[in-house]
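What follows is chain A paired twice: with chain B in the first complex and chain C in the second.
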Partner chain A sequence: MSSASATAPSGRRWSITPFLTLGLPILVLVAFVVLPLVLIGVYSVYSLSPDTGLMQADFTWANYERALTNPIYRNVFLRTLEIAGLSTIIALLLAYPVGYYIGAVANPKHQGILLLMILIPFWTSFIVRTYAWIGVLQSNGFLDSTIGWIPGLQTSLLYTRFAVIIGFVHVFLPIMILPIYASARNLDKRYVEAAYDLGATPFRAFLRVVLPLTMPGIIAGIVLFFIPTFGAFVTPQLLGGTSDVMMGNVIADQFGQAFNWPFGAALSIVMTVIVIVAMTFFFRYADVEEIYGR
Partner chain B sequence: MAAEATRPSSGGSPLLRIYAGLVYVFLFAPILVVVLTSFNPEGRATIPNGLTTQWYARLLDDGQILDALWTSLQIAIVTALTASTLGLLAAYGLSRYRFPGRGAVQGLFYLPMLVPGVVSGVAFIIWFNRIGLETGFLTILIAHVIFALPFTLTIILTSFAGFDTRLEEAAQDLGATPWRTFWRITFPIVLPGVLGGALIAFTLSFDEFVLTFFVAGGGVQTLPIVIYNRIRYLLSPEINAIATIVMGFSIGLLLLGQLASAIKGRREKASES
Partner chain C sequence: MPEHDVNIRNVTKRFGSMTAVDAVDLDVPRGHFVTFLGPSGCGKTTTLRMIGGFEYPDSGEIAIRGEVMGNRPPHQRDTSMVFQNYALFPHMNVADNIGFGLRERKVPKGQIQERVTGMLNLVELPTHGSRKPRELSGGQQQRVALARSLVVEPTVLLLDEPLGALDLKLRKQMQIELKHIQQRVGITFIYVTHDQEEALTMSDTIVVMNEGRVEQEGSAEEIFERPRTRFVAAFMGAENILDARVVDRDSATSRLNIGPGEITVNTAMPPDAHTTVVVIRPEKVRLDVADGWPATVRDRVYKGSVVSYMLTLEDGTALTADVSHDDPAHRHSVGDKISVGFRAEELVVIPDGGKGA
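Let's turn to the complex of A and B:
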């Protein structure tokens, strides 16, 4: 930082400053990200004292054993996978044509506004967007009072699995559209034209040319959608019934009602490992630079 | 069907257009229902028989919501300042130096993005409990800064990416100290990124729910927490009014950010030609 360093030969000027500047942010992240995560790992092998019910230092795999083998938690885990997976498939069916339309079909002059229209709902309060579905789906709600006369639609759809899935799709759809849009925009249309010139039908050209070329965007979209859905807590809490409890809710309960921190910690580790495996898959098969670099 | 649309002559298949249009309707319809309900005299989501501003008027008497709004604004402002300062420091270090373990440091900065929200919340609460930090304003602030930092850093890093370091070298060759070089040359150039990073941190903090739910404790309540509690335990029609205001505010901030980057882009184009 002294003026002496300023007159040093070029290339050695920044020798100390980068460490000074990186030091503080690294310290903050170690103190409030790394150490808390390590502590979850430590607590996950602790046990509850049978006498007092309080957490005690221990080394046991019992919490993991319970998390992975107890049928109750196995069912919660499978249900979480099912709800998150189903939501992801439905979201992809909605997101792909839209991302493709904005990136490869729409007039380039309109691309900016079309993208902005995707970002606006995304930047609208998450809790409010979830709440909006309560008003739409509840009995005497918006759907009920407008199209409730259609047979079979009179009953409230709120507090059903349908409500949870529609909530997920609505809340996280924009983060799936964005990478698909990015890969559709980078699509070289000459390949598609070449397929036509060689006599391919539109369906075949889509399947053999467009789909493979936009695959990085599809994979990125799936992973970015699946991760927050898999770890969700608010949406099932507000829109789902008692039979739609997901992993996130069970974990939260261990720190509230059930008050079993070691078990909650073990469940958290299991969930984090699943998410990190999914992310690794993402970085292996989707070129991130390709999607966000340009 | 979709592939055909890429033919320059077709201009987009009508089916694809209609489909995309319907997805936009799906994205906006529930939001519009909330806005509509906020003016509905009945106070619930139906086709309104008239218009009223009574729910907005009621907000002014709702101490809990007003307090929570004030708390959320304070936390969001301090989060924006802290996250953009830390983000600027980190971006400077990361973009100016190649050192062993740089990849690991970069990974560390993005780690909070990879951990599911519930797990982060759990990690914070056991850690604050362990180190004896009482839950409240400070713990919410820490959680929000950690949550926002990867996003803020990403934005600030992009403004360092196209930086011509010869400008700094020139300043130093002319005798400027590193400190002076930073404030007179570097900072003004990366300022748009820093402001963008602060804006995103503000928005993320103002809207954050899951982490706050875990680390808030009983005493301090942010606006999303109050909204959540009202939704769960009693339906109050004012929620639609405050939700409409909050959405208008977030959309305003987003448009502001877009406008700023559009102006910046136009200026850069102008200076290039």
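Let's turn to the complex of A and C:
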């Protein structure tokens, strides 16, 4: 420090700049990310008073024990994984062609308008869009009135897992398309030409060149889609049946209905840790750096 | 008649309202190093890409080894392209890049390894197989791109300005090396460049293109020594391109008026040609000749082995003369009045009258 003070300009004045550039973002992060997380962490080791049913500050692992050992929650967790995973796969199959088309095939002059069309649904609250599916899928709803006259095609899709998956795919599809679009746009077409030139059929060229080179976009898309789906509670609440309850619903119920904040907090922490661990492995497995070679 | 690897018949290609390639006719003899030379936008790259199958002609046809290609895609053609910036697959190491085409051709694994190793030796990168392209220098990447295209043993190797990204010294070295490799493997090379020196260094045949058409086709010597159009003369770096008027002619000779004087050349001019263009190399311009044309020294530039004199003839025509630097007999300074002359047989008369400027 002594050497630093020797070279520091004398009469250094207090400046607001470091506060704005460094302090403000830190403050925002602490207030909206760190503090809530710490709070959830603290709640998760609290217990409920057996007398009043109110949360009391003590230290217990009981909430975690219940979350990790009770088969009900394990089943809900596996179901959540299944629904979110299936939705992610379906979304990827839809998002990849669209993102690739806009980024690599479409006339660059039309890219803007096509992207706008992808993003316009974002201007409507996703809750409203989810409600709209109720109108479409319910018995005698839009779908039935359109195709219901065909014998045997009376649908009753609302309150099924299928409805939940439709809801997820529809609501979160754009955020998967965007990173795929970006990586497709950055794909140098000469790599594809070189693959054709060396004898690869279009399919082989896709498999060996296009797919690996757009992998960063695919990975980003999967992560961006999977995380909100994994933690969602509105969509299964509105579109799913009683057998489609997801972790998000269970956690929401602990806070909203059961008033068991400590247990809800413990479930949240477990979910968060699982997602972080899973994503770490996922990123390591599909090493973006490795794809491009350091 | 030599066997041809590529025949281009009356091929035209348009992009919107722009005609990129305009009724080009060309035969590429087997085993030749052929260079398409021209300024950017002359249609040389488009022609190359049509041979490779990346573009299709609007009219006319391209045949490879006698087989008409039509709209056959690149992976069904026996050509291979070295791209301008190499287009090495960034997610594969060098050996996998080189082996790519062999894998697509379902060559057995052991054989792939053997041929890749052979190619790595040919391009003098024997220990670089496991590196990623990004870890190589520009020159090394260039060699890998060459190896990747050569290993599939194409009928024709297409090279799209492959040395453009290298610095001058490396480029000169690679020019020689490319030529050696071509002679060793004996494959037909079609090379695209805008660099006339590069074309002269490497080519068996140079095809000079301009505005989608072939201006002239011939050996390096023919193109350089006997340009047939004013464009070719100018593009090959001719410094003295002079307008001339035909004042008299017979069946074997013509009398031309050039600037201030007249000269008789051993070139028969067609009866309808009244003007033409002559080219004289700067080192062929003689200074201080008896009964020469008067000229004024405008500028004197020392270029090492030669001294260049920028001269003005009486009528204002500009002329450059190169004199050997150790020739004290012809040492002049700016403003000197001197006389210049040239031998009729050293004038290159451009027979088409200087069209295609």
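Note that the second predicted complex is superposed on the first by the 241 of 294 C-alpha atoms of A that agree within 3 Å, B and C clash if a C-alpha of one lies under 4 Å from a C-alpha of the other, contacts with A are read in each partner's own complex, and residues count from 1 in each chain.
Please note the rule applied: a residue touches a chain if its C-beta (ideal position, glycine included) is under 8 Å from a C-beta of that chain, and two chains touch if they have at least 3 such contacts.
Note that this is a predicted model, so its numbers are computed, not measured.
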{"item": "Side-by-side fit of chain B and chain C on chain A, or clash", "value": "fit"}
{"item": "Partner chain(s) touched by A:82 [first = chain B, second = chain C, both, neither]", "value": "neither"}
{"item": "First, second, both or neither for A:271, with chain B first and chain C second", "value": "first"}
{"item": "Touching partner for A:228 - first (chain B), second (chain C), both, neither", "value": "first"}
{"item": "Partner chain in contact with A:194 - chain B first, chain C second, else both or neither", "value": "second"}
{"item": "Touching partner for A:128 - first (chain B), second (chain C), both, neither", "value": "first"}
{"item": "Contacts of A:209 with chain B and chain C, given as first, second, both or neither", "value": "both"}
{"item": "Greater residue coverage of chain A in the superposed arrangement, chain B or chain C", "value": "B"}
{"item": "Distance in angstrom between the closest Cα atoms of chain C and chain B, superposition on A", "value": "6"}
{"item": "Doubly contacted chain A residues - partners chain C and chain B", "value": "193, 195-196, 205, 209"}
{"item": "List of chain A residues in touch with chain C within their complex", "value": "188, 190-191, 193-201, 204-205, 208-209, 212-213, 291-294"}
{"item": "Contact footprint of chain A on chain B as seen in their complex", "value": "1-8, 12, 16-17, 19-20, 23-24, 26-31, 33-34, 37, 44-47, 86-87, 89-90, 92-94, 96-97, 99, 105, 108-109, 111-112, 114-119, 121-127, 130, 142, 145-146, 149, 169, 172, 175-179, 181, 203, 207, 209-210, 213-214, 224, 227-228, 231-232, 239-240, 243, 246-247, 250-251, 253-254, 258"}
{"item": "Chain B-touching residues of chain A, taken from the complex the two chains share", "value": "1, 3, 5-7, 10, 13-14, 17-19, 21-22, 24-26, 28-30, 32-37, 39-40, 43, 94-95, 97-98, 100-102, 104-106, 116-121, 123-129, 131-136, 138, 140-142, 145-146, 170, 173-174, 187, 189, 192-193, 195-196, 202-203, 205-206, 209-210, 227-228, 230-231, 233-234, 237-238, 247-248, 251-252, 255, 261, 264-265, 268, 271-272, 275-276, 279"}
{"item": "Complex contacts: residues of chain C adjacent to chain A", "value": "52-54, 73-75, 79-81, 83, 85, 87, 89-91, 93, 100-101, 104-105, 132-135, 148-149, 152"}
